[in-house]
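First subunit A sits with subunit B, and in the next complex the same chain sits with subunit C.
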Partner chain A sequence: MADDLTIAVLSGKGGTGKTMVSVNLAAVAESATYIDCDVEEPNGHLFLKPEIFSEETITIGKPEVDNRLCDGCKICSDACAFKALAVVKGKLLIFPEICHSCGLCYQLCPQGALTEVAQRLGVLRKGHRDELVVLSGELQIGEPSGVPLIKALLENITGGITIIDGPPGSGCLVHETISRADFCLLVAEPTRFGEQNLALVHELVTLMGKPSAVLLNKTTGDDNPSRAYAEAHGLPIIAALGWDEELARITSAGALITEHSRQYHRYFFRLLDQILEEARHA
Partner chain B sequence: MIIAVPAENQSLDSAICQSFGRAPFYCIYDTESESSRFIDNSAKEASGGAGVEAAQLLVDENVGALITFRLGENAARVLRAANTTLLKAVNLSIADNVANFLEKKLVDLDEIHSGYHHG
Partner chain C sequence: MRKLLILSGKGGTGKTTVASAFIALSGARAWADCDVDAPNLHLVSGAFPESSTKDYHDLPKAFIDPDRCTACGLCYDVCRFDAIEPGEVYQVDPIACEGCTFCRYVCPEGAITMVESKAGEISLHRRGDQIFSTATLKMGSGTTGKLVSAVKDQIKGADAPLAILDGSPGIGCPVIASLTGATLALMVSEPSVSGLSDLKRVIASARQLDVPVAVVVNKADINEEQCAAIERYCTDEQIPFLGTIPYDTAVVTHLNEGRSLAHADGPAAVAVKAIWQRTAALLEAL
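This part shows the complex of A and B:
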């Protein structure tokens, strides 16, 4: 498996099995990179138990005003696309939690009253599990957006096989996560709710021109709305993983099913091969 | 004094809009001239920061008192910096709320919510 391929594992909702699929795919890939982009609640490290070799603080720039220089001209507040600035009685008010760190205000200020100040956003941890490089980002509690942290994580894609464990949903964080992906693996549950969220994330990856396929997780003998969606919308079904109490028990205990079961090791090894094949033809 | 009220429609008979930052209009009432006018809320469809933008709009109108059902913390910070009196609306028309204001029957807005920001 010498290919360079970045695979993003996604789902429209939480709890479908993204992390279980991601960590097991990474474990069977052996020499690969695993990136946990679920920065609001990273948990891949609980399964992969990497030996951490570096921890870096990620910061983000926010404006700070020098009131002695600011003359309340409103050029910055009128220009701010995110309305993170207001001027009251000639005094500038800054709302850092709305600010998107675009930097426009420093550029525009005729008085030079605004400066960029680094604010702690979170941490980026690098570790390894034998030949597998394990990266994860952890957003500081209270920070409204993990997008810059995801950007920092994705700078570490170095080639070979990269498995990205995506954040749930189909919002900004997911949008950023798949910006560097070559292929998106969507994990879906066999419920109406699962189907609706699959549709949202499928729409996003299609809009971004990313090839994708779905893994139907926790399937039973009953009707599967997610399968029906995939069939109706030309979304390739790469695999169907049946509901298995043993898999649930092992995963709940924070272990890798591929280490506990040769059958599952073969399953995930084959799945990775199928993804590489699917991506090659996409 | 100039009073502002978030309005559903451009009429004094209109109901007060339940939202502050996303209100379609604001009624601007001048107690000295006893006249009213309505302004468009440029922030009503903003993707974020609607509260700050709407509050700035009212501060620029020299509003001395705001009558509203709800107010987020960012908008409150802007309005408080301008020493705007924040009052709790009652479930009546804009005209009735203005009348209540003039009779000093309105109470201070005691609840400021933390906003509905999303990523």
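This part shows the complex of A and C:
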């Protein structure tokens, strides 16, 4: 297991078991890095309970105007593609919540009236659980985009095995999350909702040229729309994990199933091996 | 028009299960799927005789004319979205580009133009006096919040006393966009440490926008201790707790067949019906 490999765990639909799979894989990997990129609702730390050794505030630049210098010329507000600036009755108004922090307005202002001020976007916590490095980002309430926080998190990939716990969906956060991944593990549940969203995230990883495989979670032996999707679309099925109320109960209490059951420890150990094998051959 | 928004913080707790049942139980004439990242409400909304779908456009994205680019690198230097790829001629990664136009301003050759970009599709379905608004985001497009606002706008003028909005997980731009103007955000939680942690964050997000909240717990019997913890949290925070829904395997069977719980009679369906009555009473009072 000496080579460097970054695996992103995704699902499209929320609540299919991304975090359960990611934290248990990380726990059996022992010497590895776990990164929680679900910055809107980070949960990995609830299971891994890392000893935190650093906490860093991540900021993002937003414009502030010096009204003594601004002459209301509208050059900045006309140029802002996001309409985050407006001049009303000769006075510049700034809407930081829709500003994308592109930096154009500072460059254009002929009066030098705009300055970039750092605003708190969230925190990045680094910790460890024995040999496992645990990183997580927590987006500040009310902030629209966690993309810069995910970028900051991913700068910490140092080599070895990295397991990234992804956000749900298939939008910009997921896109950023998998930008550095070598392989994507898609966790799917046996419902039509799960299948629909598996298809969307599979489309995204394929578009980005990332090899992927699916883990069918909560299977019941009945019809599984996600399995049917995978089979019809050449998406390798790496494993199927049957619905188990005990697993659900342990996980709901914030515990690691691999610590509670030798059987599951073996299961996740073998699963990690299979994923690494699949990723190397992809 | 009162707008009932269904949220959860954590994904997969049963937002769409509750939303689809409420739509049928309330006889709502307007509803919308605000989870444009992973829409599912259409799977349990039945067939619509009338539908119109149109392209949804994002901000135009930068394009570098390869015949005019001299590879000076100025665009690369100013782009904060890592959207410019250096090379013999520079290229724009349209997925990363957010359309800010900074590169176009600095290009000394005038080689950069902004080109129209399709970000997704937005649909409006009609059946009698019912309308259903939904959208699909194009892969790699990052304009989720604006698309959610567009989905909501389609039902804004509807002649209906109540609209039901199915939200997305998380607390970011799509959730903020869905919360704006909502009468009540009903949070569907699940009895787990993750469920509670995520619930607290989404409630804080709603409160920041002055949207009243209420809570229900789905699959409540999976962990009764955690369910009690959520109920305690609601009591402490003076948040209306509208009930619990038991874990019921019939739910998946129903939804997989495209039916909402409104016409079912298992334990989960019975609970959802009682919760709808309490939600309706709460909405009346707001």
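Following the convention adopted for this analysis, the second predicted complex is superposed on the first by the 282 of 282 C-alpha atoms of A that agree within 3 Å, B and C clash if a C-alpha of one lies under 4 Å from a C-alpha of the other, contacts with A are read in each partner's own complex, and residues count from 1 in each chain.
Following the convention adopted for this analysis, a contact is a pair of C-beta atoms (placed from the backbone, for glycine too) under 8 Å apart; a residue touches a chain by one contact, two chains touch by 3 or more.
From a predicted model like this one, the values you see are computed outputs, not experimental measurements.
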Touching partner for A:172 - first (subunit B), second (subunit C), both, neither: both
Partner chain(s) touched by A:144 [first = subunit B, second = subunit C, both, neither]: both
Touching partner for A:253 - first (subunit B), second (subunit C), both, neither: second
Partner chain(s) touched by A:91 [first = subunit B, second = subunit C, both, neither]: first
Touching partner for A:82 - first (subunit B), second (subunit C), both, neither: both
Partner chain in contact with A:282 - subunit B first, subunit C second, else both or neither: neither
Touch count on subunit A, higher of subunit B and subunit C: C
Partner chain(s) touched by A:52 [first = subunit B, second = subunit C, both, neither]: neither
Partner chain in contact with A:228 - subunit B first, subunit C second, else both or neither: neither
Shared subunit A contacts, counted only where both subunit B and subunit C touch the same residue: 82, 97, 144-147, 171-173
Subunit A-touching residues of subunit B, taken from the complex the two chains share: 43, 46, 48-50, 52-53, 55-56, 59, 74, 77-78, 81-82, 117-119
Residues of subunit A touching subunit C in the complex: 11-16, 19, 38, 40-41, 43, 46, 79, 81-82, 97, 100-104, 107-108, 139, 141-147, 167-173, 175, 189-193, 196-197, 200, 203-204, 207-208, 220, 223, 225, 245, 248-249, 251-254
Subunit A residues within the subunit B interface of the complex: 77, 80, 82-89, 91, 93, 95, 97-98, 144-147, 171-173
In the complex with subunit A, residue positions of subunit C that touch it: 8-13, 16, 35, 37-40, 43, 59, 78, 80-81, 95, 98-102, 105-106, 137, 139-142, 144-145, 168-176, 190-195, 197-198, 201-202, 204-205, 208, 222-223, 225-226, 249, 252, 255-256, 258
